[in-house]
Amino acid sequence: MEPIEIHLLQDLDLRGSTLIDGFPSVGLVSSIVANYLVGALELDQVGIIDSPFFPSVALVKDGIPLNPVRIYAGGPPERRVVVFISEFQPPADVVKTVAEGVLAWAMERGCSLLVAPEGLIVDAQALKEEIRVFGIGSTPKAHAMLRDHGIPIFEEGVITGVAGVLLNEGRKRSFDVISLLSEAHPDYPDARAAARVIETVDRLLLNMNLDTEPLYQEAGRIEEELRNIHRTTEAVQQPEGPSRPSMYG
Amino acid sequence: MEPIEIHLLQDLDLRGSTLIDGFPSVGLVSSIVANYLVGALELDQVGIIDSPFFPSVALVKDGIPLNPVRIYAGGPPERRVVVFISEFQPPADVVKTVAEGVLAWAMERGCSLLVAPEGLIVDAQALKEEIRVFGIGSTPKAHAMLRDHGIPIFEEGVITGVAGVLLNEGRKRSFDVISLLSEAHPDYPDARAAARVIETVDRLLLNMNLDTEPLYQEAGRIEEELRNIHRTTEAVQQPEGPSRPSMYG
Amino acid sequence: MEPIEIHLLQDLDLRGSTLIDGFPSVGLVSSIVANYLVGALELDQVGIIDSPFFPSVALVKDGIPLNPVRIYAGGPPERRVVVFISEFQPPADVVKTVAEGVLAWAMERGCSLLVAPEGLIVDAQALKEEIRVFGIGSTPKAHAMLRDHGIPIFEEGVITGVAGVLLNEGRKRSFDVISLLSEAHPDYPDARAAARVIETVDRLLLNMNLDTEPLYQEAGRIEEELRNIHRTTEAVQQPEGPSRPSMYG
Amino acid sequence: MEPIEIHLLQDLDLRGSTLIDGFPSVGLVSSIVANYLVGALELDQVGIIDSPFFPSVALVKDGIPLNPVRIYAGGPPERRVVVFISEFQPPADVVKTVAEGVLAWAMERGCSLLVAPEGLIVDAQALKEEIRVFGIGSTPKAHAMLRDHGIPIFEEGVITGVAGVLLNEGRKRSFDVISLLSEAHPDYPDARAAARVIETVDRLLLNMNLDTEPLYQEAGRIEEELRNIHRTTEAVQQPEGPSRPSMYG
Amino acid sequence: MEPIEIHLLQDLDLRGSTLIDGFPSVGLVSSIVANYLVGALELDQVGIIDSPFFPSVALVKDGIPLNPVRIYAGGPPERRVVVFISEFQPPADVVKTVAEGVLAWAMERGCSLLVAPEGLIVDAQALKEEIRVFGIGSTPKAHAMLRDHGIPIFEEGVITGVAGVLLNEGRKRSFDVISLLSEAHPDYPDARAAARVIETVDRLLLNMNLDTEPLYQEAGRIEEELRNIHRTTEAVQQPEGPSRPSMYG
């Protein structure tokens, strides 16, 4: 098997679409955003990403077995959205391969933009006040998009993981990548931080005037579900223990 | 050597047959089911699976040396059964290779269905009551089979190991895979849980009206034998110690 | 270099010969048997086995530097014997490669039988009584040989290491492999157990009516020598220490 | 991906230019020198170096995402300077690959000289006095350059890491490499040691009569910035922890 | 890069020459011998050996950067000597590759003999008396050389590391290899043991009637220098610490 293999369950025209990165980030901001968008935009699963480095596990939702990394797509052709969702964090030495593979695939498929939500660690005091969302782009065009929508620029710092590599690769290959960084608590899934990113994505891309109130509550539900999956998957990752499927429903 | 090599001792027509996965699972449910079926259906060993990642060990039964992973087959042509039996758990990083190899082989050989028994961890209280068996399928057709036979669907949860990968691969490649999950105790070979799966397999596939009573006792004997083999094999797995064959007969 | 390379120092016709496996086993039974036969049958070194996984060491005997794994051969053409001798235990993850390589080479060279001596761990009480030797074969023909010579069959158990893989491969490839298992003490070189195997090999193959009495004493001398080599080689295996040749003569 | 890949963002004629190695060294002397020169000579980023062995991280400066290893170039054609800057230390087993790749690239591109600043550990007493800078070259021509500019030769010792390999490779391939070794404190970024190297580089190559006073203060600012980046990056290198972007601006 | 690469700085006719192995051995006997011969015979550096497994370090002597493994050659054509010098011990799993590469190169280049000095560990009492030097050869011709010069044969024992593999390879490929084993103290560079080997090499090959007295003193100086280099290089080998060049001159 290739180090990473992106497999569509059906053929799709993804030209001009926006890709949302849902690999786990600080505060699981990206995961919550990605899961929320799949539900709110009623996206369908259209593919999977597989790799020998991904865990040997099927997630079961609504009686359907799911790969741990999946691709969803949908929405009207003029603003089609493609979402990558992963229930687990790729091992540190696979992050570059995964992120480069995703960006290369986005370019081959003719996608026009890639958005990577991220959590931004700030001290506890800062989190009591209003959560700020910053943006950073890989190209002058991506920066212009941020400025045009009044999103403050993330000026100095370090972005690690999938989002960091996506920005580097986007700059290297002149592909528009935007990372949206929301002030988040690093120790648990931070639904409030994710909700702020969803609002920003709405303003930047969707213009659907998503109702913010239920969004905050919905985000809370996703937070709980991700917490459950992560607890189970962590047990799985321990190499020596026996396989332990468990049941929630 | 290839990462995994499936080798038939003789040429066989396996078109239309059902493959039963007997790689160890929670409560060794799959192992007990697989061993029981080999005896009850009087299946013959027809092949082996080998891999550089499998242990260097010959099991001896009735004076015959056996590979640690073997293929058995038999039954009338219209409902031929193929059983994969492994006395040991593949290392975590080989599970995907093994499961994908098994499914690819099943498709090449024209098998029509793959059944993967699994144990489902529940709390101690639940085990005192009647053991429930749930099913999940990789395709709409597999789901229809479950519904038609009144087997409740496993709606939400996580399935790890060989069974999980078989479900994912079956969905990806549109091959019918059914996992039967029986509530089991994870800490020892659970013959009662296995017996319930055997009843379900009988109802779903064999229609042989297997006598349940001796089945529970027979399952107990298999449980004891597997416990012995596992105790010996664990000693073997310790990398630094000298080879220690031992004798029971 | 190949993972394992079998190199003959001169060209030899080995068709019809019997190969004796002398890789270390429980109680070093196989090593003692192999070394005894080289002396008693006055075999010559005819080749070496090399592998990047074998230790970087030359054994010196009688002023001649020797590879740690060597091939000896000799005897009259109608009952020619080939012996593989290794002064060290292959690492666990190389055992399969070594054993499969040896068997493939035996088949290519037209050998007709491979005999793998092994020690069989029994409890201390059993060792006080007469030592029993069991046999097991990879094929019906090998089993018939054992029965014809009154050697009891090893009915149930687990055989690990080189002997286990040789039996599996022999069965897979329909090549006659016999393992002779002698009740042995696992914690030191067991010359008595080895002497019993030598008697059995004599009865089964050689018909040389080897004198048993000096054989037991000779076995004791070999035991002492192997103990010395193993002590030295163990020091060598410690990866960080400096090379430490030492001297006995 | 290749083990190391040097990628120019635009095509450039680098014939005759001098390459400055800015991979981290003792006291971060090379890093401070490289960063200072980028600012003082107003160099532009012209490329990146990527490798699967480099960390998955984007540095953000002035709102621009940057690869952790970058190439800057500029200056008048007759004394063009190319600077390699890395915010992190390559793992020990990649140092040779990185240094050999850099030198091969310099030769392919027609660069005429490679300068590698290094820190030279001396005892605390020595550091209280005036800091000495020594030079060593890979070729007679490089040595002549040092002598002609009155730079004392580093006669006896050991040079490790990127600078050591660059010297070896330069000697092997007859390419002019000069390492400038400045007496430095190994435990923190040593701006004073770096300032002395910058003065030497000025004398040797640039003849720009750089004002030394602000240079010492500027070096202090760079020291502080590098300390920040290293603190953050160290957190990143811990393999098991979650990704933690952080923010300074 | 190849696992091991032998690179000549200039083309040389080495037919008929004798190669001296200077990879570190017990008591650094080989290193001291090799360094002494380079000085006494006024040999020039003619090449390097490189490998991705060798340390990333340049040794500086007399202002010249040197690879950690080097080839020196010189002397009159009829008794030309080639010396391999390594300032560090190859990692255990590379020893075979290095030794086999050296021997293959010697055969390709038409060298006629390879001499590998070694230290022979004996108990403290033995070291108080006169140091004995033993010899062992890979071929009958090499043994005859030893006998003709009255060098006692090393009859029984174990020779590890580069010298052991050179003997094995020499025997396998019918190339004359002689190891000279001098009774040595394993815990420090043993100049006296090395001096005795040098006397033996003189008697065996050079017939230069080297003055023994200054040789013992010269050996002491080399001992001190090697001790220094090893102390520095050990610090380098610690993988996590920062690069620490240091200075002696």
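Going by the order they are written in, the chains are A, B, C, D and E; count residues from 1 in each one.
Following the convention adopted for this analysis, contacts are C-beta pairs under 8 Å (C-beta built on N, C-alpha and C of every residue); 3 or more make two chains touch, one makes a residue touch a chain.
If you're wondering where the values come from, they're calculated on a predicted model, not measured in any experiment.
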Self-check item: Co-neighbours of subunit E and subunit C - touch as defined
Solution: none
Quiz item: Given a C-alpha superposition of subunit A onto subunit C, how large is the rotation in degrees, taken in steps of 5?
Solution: 145
Self-check item: Inter-chain centre distance, subunit B versus subunit C - centres from mean C-alpha coordinates, in Å
Solution: 36
Practice problem: Averaged over CA atoms, how far is the centre of subunit B from the centre of subunit D? Could you give it in whole Å? | Solution: 59
Self-check item: Ring walk, subunit C to subunit E and onward
Solution: C, E, D, A, B
Quiz item: What residues of subunit D sit close enough to touch subunit A in their complex?
Solution: 1, 7, 9, 48, 50, 52, 54-67, 229, 232-233, 236, 239, 242-249
Self-check item: Residues of subunit D that touch subunit E when the two form their complex
Solution: 24-26, 89, 91-93, 95-97, 99-100, 118-122, 134, 136, 138, 143, 153-165, 167-168, 170-172, 179, 181, 186
